[in-house]
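Okay, got some structures for you below.
After this come two complexes, each holding subunit A, first together with subunit B and then together with subunit C.
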Partner chain A sequence: MPVTKNTLALATYVVLFLIILAAPLYFDVFWLNRFSKFLVYGMLGVAMALCWGYAGILNLGQGLFFGLGAYSIAMSMKLASPTSLAQGSDTPIPDFMLWNAEPGAPIDLCCITNGSFLWIPFKSQFFGIAMGVVLPTLVAFAIGSIIFRKRISGVFISIITLAVVLLVRLLVVEAQPFTNGFNGLTDLGYLTVFGHEFDPYYVSTYYLIAISLVVVLVLARILVQTRSGLILQAVRDDDRRARFLGFDVPAYQIFFFCVSAAIAGYAGMLYVLVAEFASPTFMDLAFSITMVVWAAVGGRNSLLGACIGAVLINMVEATVSETPQLIEAWKVIMGLAFVLAVLFLPRGIAGLVSRLGYMIVRKPQKMPAARADAVDAEPARAG
Partner chain B sequence: MSTASLTIDGLTVDFSGFRAVDSVSTVVDAGELRVLLGANGAGKTTLMDLISGKTRATAGKVYIGDTEVTAMSEHAIARAGMGRKFQIPSVFRDLTVRQNLEVAASPSPGVFANLRFALPSSTTARIDEIIELVGLGDRVDTDAGTLSHGETQWLELGMLIAQRPKVILLDEPTAGMTEAETMKTAAIIKAMRGEHTLVVVEHDMAFVKEIANRITVMHLGKVLAEGSVESIEKNQAVRDAYLGSKGIV
Partner chain C sequence: MLDTIFIGLSVGSVLLLVALGLAITYGAMGVINMAHGEMVMLGAYTTVLASIHLGIGLLGAIPIAFMVTALVGYAIERLIVSRLYGRLLDTLLATWGVAILLQQAVRLSLGLAFFGITIAGLGTGLQNVRVPAYLSGVISIGGEQVSLYRAFIILVTILLTLLTWFIMYRTAIGAQVRAIMRNPDMAAACGIDVKRVNALTFAYGSGLAGVAGVMMSGFKTVFPDMGTPMVVDGFLVVVTGGVGSLMGTVLSAGLLGQINGLTASVSNDIIARAVIFAVVVTIIIWKPSGLFSYKGR
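This part shows the complex of A and B:
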């Protein structure tokens, strides 16, 4: 069987999966806790590659979906916190609501502060989990329907998504009695599913995240290899051509925009499990843009590339930031890497590695120059 | 005898006072190849925009067979049986030649209906035939973005065939081609005739004589004349307005 770029991609997937699944054998729980955050970022890389690389939608507000997922689960976990149960009421009440309540307000979720009743269903952690994916998907559907049905394209999509995430961030900060504003949701309880507590320092929590990443990567990969995935890439290349071939172009864009949002929301939930807080900083512009950088450097046309890019960049960053003098330098390096990737490596590290790997494997057969070009172009689909 | 495949009835568009297409009516029979002639700015491309839904008509109606498509959106008109090639060739540049054809041949339009992998084997076989017909056999795994100008045009023709529309609109399919490429394009278009109804905008008279069943001449947004190649060549109004002193060569 000839070695194709697909075999190489498959091999990379397998190696990555083995590494992340075997990590608990070699590392302690503190390191695993830290590493699982990086895996969550890797999942964000997948969402970004799907949206930007495959659908051609440069979403500068991905943090919105991450944040919605994070807040949904954090609300449930906040209500499960021992502190919330010790506020002088039979039912759980978040501590900050008491601080923000009008004097004499009843100590009950129904009416302690404005909008506090919206917290009631989050007493069920299943509801919180469901909302963590449903809410980002619905919001993405609403935003996507407007953007894509109105045929807004290119940089305007970026501007709108950017504006929306900043708007929501402002609302979250302003709604202090409902969200604890700037401080976010801290002092959370554990997520408990079928009697199992997901303590952030349990190996089981690490495995939940590692397996989630594997599943998300595989499903996303399968999705882009369906006919819909191919048509989506066609839409990215030339939406007018696709329209005149009879495809309802906005339906494709909205669908994949929603899938990307769902993945980001799910990542947000997993992040809260290990980080034990949800904060408006998730919706900072800087965070959303950082995701774009991960995908650009890792390779936005490759789900795997963007994923590994996000994980590796964060691992290096974590090491570097232990040395204070290097922190500023790191920002410059990342900025530079981004510019270089955009200018010279549109397929990112994934494209480079895939080309090198292919050349090494094929060397004995002496590949004609024309084939080398074709391989260079390949990772768009191989990712 | 033959039935109407494309019926245009009083089609008009008004660009704030300027009628780029003015009460154009014509009937194209099933399997016919109609050539649309006219000087630059006569309104040929605009007429195609109106038929295919890219531009909204101010007045008039368009039918594919018996179905009125006037007010439909572009993709709905395409699904009703209309294919269109643009003046500037457009293909999916980052997909391979075969993938371009697979997208075009996709039997269903919806995103959920397409959450599956393989195409039906009959479709795959048809794609192979189309690759053969447009002569891109050695380019199937090449990215469409790296094709030559001529090859891009042929791929787009292939995509239209794969789409299987009743009516195909071609806007200057030989623009910018060498003579050899033009010949090959003529052969492809002739092969399309019969199974599809074609409306072709073309300036190259030798090419027109080679392919046309009937000709419609447009001038300043209106239909000036319509008929067989010979009758158009003889038509005095056409000579005066469009061909000037040169005549059809």
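This part shows the complex of A and C:
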């Protein structure tokens, strides 16, 4: 059987899946909890690669979708927490709403603070779960419909998405009685699905996240190889030509923008499950750009590369964070790695590895050196 | 009413101060420099260091900060930005990496912290700069009490804007910069050393950010992360005003400043900032090329 790039990629996928799924055999629950956060970041890496690498849309506001997913599920979990049930009312009330309520306001979700009635449907955790994906997708659809139908491109998309995420962040902070402002939603209860409690330190919770990541990776991979995935890549490379060929370019862009947002929202939900809080910091500019860093270092054109990049970077970061002096040094290393990756490895570690791997297995036939260079030197599309 | 307008003017002048340098680098070179906020930060730290180690006050720190940040900007252009021409989004990302490095350089006392050496004035902590006595206090304009330092900032901003206008429109190098803005290839064909001019443009833009940093240090706390929100504000101003239009940047800074001042006077600062974001998003969607752009490129 001839060894191609696809079989190499397949082998990497299989190895990664085995490592992820076998991890509970070797680590205790404390480490599994940390590891599951890294897997969530890996999912964000996939969403980023899909949006940036395959669609050419540099979304600097991915944190918005992550945050929307996180807040949706966190609202449901907040209402399930014991403290919400012990506020002197028959129905659950988040404790911070009482602190923020006007004196004499009725202790009921309907009208305790402005807009608190919006919390009512979140009493159903299924609603919270659904919203965690539906809300980011709808918002992405709204934003995407406007910017892609108006044919806004390149850096303007980045600036718009950046401004939107900062705008929403400000509103979340400002709406203290509704969202608990800066403090975010803490002291959450457990998510309970069909009688099963997802305690963040249960192995089952780890498996939920690990399997979710596997499914997301496989689905995303299949999606980019479908016809619409190919058209999308054509749009990324030359949108004008795709338009002349008769394709409805914005439709493909909007679709993949929404898929990426849905993945990010789903990742936000899973994050809340293991981290047990939702906070406006999810919508910080730095977090959204950090996601781009993971994808850039791992390989923006590779779903797997961006995923592994995100997981590895966070694993190393968590390890060095034990010593305070190293934290600062780590940021230096990240900044440097990022600059160097952009300058010299536009396709990230994935590009490097796939080139090396290809050269090793193909050694006997001796690939011309010039062509091997051409594969990686192919300029990354900007704008 | 007059004081609201003055607050808006004051906010606008700070916005313009930061955006002016960006208007030049982004407008002339089409480079999104995410490290621009860090240039402001470096300017502010130069003021701190100058007063601690050299005993130089705020006014004296202005030329030093300009030189320091212009040199850093020159180095960044030569080492990184010049390798990424034509890859706009990659420049954005690479300069974000540079921004992190500059922040860490300040936090770690230029790396000396690893050897247990700390420099007074650097490090993770907060720093403050004392405004000289002749710039503090209030003056009265038209019966309104106005902070003298705020008025001073407005004055400096006007002077810098005029200087930039003069360089861009009345000097030989300015003509070259404008030629590159219109069409870099044609400019090169006419014998303009595009690389050199770009490096100088970038250095000048960074230098302006350094001066902005000096002014900021007089009324804001100085800390390593202070630049990040500024670069965002600066970009919003430049993009709203229109790429490559100095006049557009000035007007949009004034416009956004007034909107900010008015909204803040009826609600609060957070809402005012949110309104600014909303206005800018609407404007970019409605006119991606900005309010006051010209046809070109």
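Simple rule for what comes next: the second predicted complex is superposed on the first by the 368 of 383 C-alpha atoms of A that agree within 3 Å, B and C clash if a C-alpha of one lies under 4 Å from a C-alpha of the other, contacts with A are read in each partner's own complex, and residues count from 1 in each chain.
Everything below uses one rule, namely that a residue touches a chain if its C-beta (ideal position, glycine included) is under 8 Å from a C-beta of that chain, and two chains touch if they have at least 3 such contacts.
This is a predicted model, so every value here is computed, not measured.
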item: Partner chain in contact with A:F338 - subunit B first, subunit C second, else both or neither; value: second
item: Partner chain(s) touched by A:A275 [first = subunit B, second = subunit C, both, neither]; value: neither
item: First (subunit B), second (subunit C), both or neither touched by A:I147; value: second
item: Subunit B versus subunit C as contact partner of A:L68, first or second or both or neither; value: neither
item: Greater subunit A contact set [subunit C / subunit B]; value: C
item: Subunit B versus subunit C as contact partner of A:F247, first or second or both or neither; value: first
item: First, second, both or neither for A:S228, with subunit B first and subunit C second; value: first
item: Partner chain in contact with A:V155 - subunit B first, subunit C second, else both or neither; value: second
item: Common ground on subunit A, meaning residues reached by subunit C in one complex and by subunit B in the other; value: 380
item: Residues on subunit B engaged by subunit A in the complex (per definition of touch); value: 52, 74-75, 78-79, 83-84, 86, 90-95, 99-100, 102-104, 106, 109-112, 114-117, 119, 141-143, 145-146, 159, 163
item: Residue ranges of subunit A in contact with subunit C within the complex; value: 58, 146-147, 150, 152, 154-156, 158-160, 162-164, 166-167, 170-171, 173-174, 285-286, 289, 292-293, 296, 325, 328-329, 331-332, 334-339, 342-343, 346, 379-380, 382-383
item: Subunit B partner contacts - residues on subunit A that touch it in the complex; value: 223, 225-228, 230-231, 233-234, 236-238, 240-249, 251-252, 255, 373-374, 377, 380-381
item: Subunit A-facing residues of subunit C, complex; value: 32, 80, 83-84, 86-90, 92-94, 96-101, 103-104, 107-108, 113-114, 228, 232, 235-236, 239, 268, 270-271, 273-274, 277-278, 280-281, 284-285, 288
